[in-house]
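Heads up: the structure comes next, in structure tokens.
The first chain written gets the first letter, and so on, giving A, B, C and D; residue counts start at 1 in each chain.
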Amino acid sequence: MEPIHTHRVEVRFRDCDPLGHVNHAVYLTYLEQARFSHWRDVWGFESFAFGEDGPGVILVRAEVDYRAQVRPGDVLDVRIGLAAVGRTSFTYEYEILDPANRLVASARTVQVLFDYREAKAVPIPDYIRAKLAGRADGAPG
Amino acid sequence: MEPIHTHRVEVRFRDCDPLGHVNHAVYLTYLEQARFSHWRDVWGFESFAFGEDGPGVILVRAEVDYRAQVRPGDVLDVRIGLAAVGRTSFTYEYEILDPANRLVASARTVQVLFDYREAKAVPIPDYIRAKLAGRADGAPG
Amino acid sequence: MEPIHTHRVEVRFRDCDPLGHVNHAVYLTYLEQARFSHWRDVWGFESFAFGEDGPGVILVRAEVDYRAQVRPGDVLDVRIGLAAVGRTSFTYEYEILDPANRLVASARTVQVLFDYREAKAVPIPDYIRAKLAGRADGAPG
Amino acid sequence: MEPIHTHRVEVRFRDCDPLGHVNHAVYLTYLEQARFSHWRDVWGFESFAFGEDGPGVILVRAEVDYRAQVRPGDVLDVRIGLAAVGRTSFTYEYEILDPANRLVASARTVQVLFDYREAKAVPIPDYIRAKLAGRADGAPG
């Protein structure tokens, strides 16, 4: 995987369940934070909205492979890579690593450009496609 | 406390933390569900807002006394009562009981009628005041 | 998909995010509740533990396809089916339906029988294998 | 309020609800993180418990006054102060500030020293009392 962005997450006690480790659902929240951090800090967009009047992004698929348990107080690095770009969708892949650089989870999510008012998928606009292309090449966004 | 509404909540595994009991923050979510259930099922208002074009409700204070631990799979009854009505705010009180009718928490929340566009408190409109009065009297809302 | 169990979930306001719909991470919590309900109500086991001294279950993979948005106050039915049984793992598939019987998400999770003290996977014990076999046939568990 | 510790929190998108701001229940999680950070980083105790074989801490009361809305991506400073020490309990007070140093919430929590095996409150042990005294004086802990 070729990372285009890394986001650091602090594990909260509230992220953890009676088994004493981070509940599996919370990993999706860590991925979400990494996406928003990428869009905001690298692309210059506010959280989930790609421009004021532009389409939003909706998640249509997520998959996670859990490889190691994580504990309260741990700090994690979420690495995000671009796996594929389609007509209306693009796919990210992720690796989550702990401070010892151990892989605790790998994941993929598929996002669709979505017109929330019309409630339908729309083709990826050129200015987003350019951002994605820049990132896929490793070139500045 | 004179209950004006009771709402049943199913404790989720995800509500619980590494100590094996419901995390204290989640009790506020149980109260929130009881309020929304009251507004929707008794008052006929959808979710959090008092009508589409009217002001919304914003929570300005919450206090909870925790009296007993609750476990995954438990079912709780949240009793809600009206404690006070002011010019722009009203106060609910709550009792949360487990199936053995044991008090697991008591609580109070203060809500303010809030114009989200202007970001300021507004006097309680008459149609809300009438609902509150009905409830306080025990009369039909 | 052949359901072996259906679990009803009430959508909480807190499950929803600034886009006004259930946040995608929360679907995994709905699946988790369905599993625990199946293990407790059908198999007679307490939540995540399969017998007092037996192994626990650890989730090693989850995948979700999101098909429709869900709103606060909705009630959902989570249908769970058994997709595969291996030496140390078994796979569930799921369909989440709204009151209009519309499919809002489909999903799969892979669980491994796990010795939490030794922190390693263990072969599925016979008494669990019998439960799984009963369920796969649709015979009483 | 005299702060004995400040803990920085990153607001997650998942902390926010359909009103677009941090849900009120999540503030309690921010306070919890501040407490754990204080106990771990200042006192040298791991997470929530005061030593492996000693008593734990249980929260018996929380109160929060909400003063301003907080948005996804905001960074907050949680200041914690010691308000009172009793025989079995101690009280923290808190101020939560945004980057513009605006007070977004103030709060208090009461903690009791708790023997989880016996399920009862116990007097604060001397080694905890010494930690609390050091902090209350502003002297090194």
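We take it that a residue touches a chain if its C-beta (ideal position, glycine included) is under 8 Å from a C-beta of that chain, and two chains touch if they have at least 3 such contacts.
What you see is a predicted model; the values in this text were computed from it and never measured.
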Chain C and chain B - chains in contact with each: A, D
Interface with more contacting C-beta pairs, comparing A-D to A-C: A-C
Furthest chain, CA centroid comparison against chain C: D
Cα-centroid distance, chain C relative to chain D, in whole angstrom: 35
Whole-Å separation of chain centres (CA-atom averages), chain A against chain C: 24
CA centroid of chain A to CA centroid of chain D, Å: 30
Multi-partner residues of chain B (at least 2 other chains): 13-14, 18-19, 25, 29, 32, 47-48, 72
Touching residues on chain B, where the partner in the complex is chain D: 18-19, 24-26, 28-29, 32, 47-48, 56, 58-67, 69, 116, 119
Residues of chain A touching chain D in the complex: 10, 12-14, 29, 32-33, 36, 40, 46-48, 72-73
Sites on chain C touched by chain D in the complex: 13-14, 16-20, 23, 25, 72
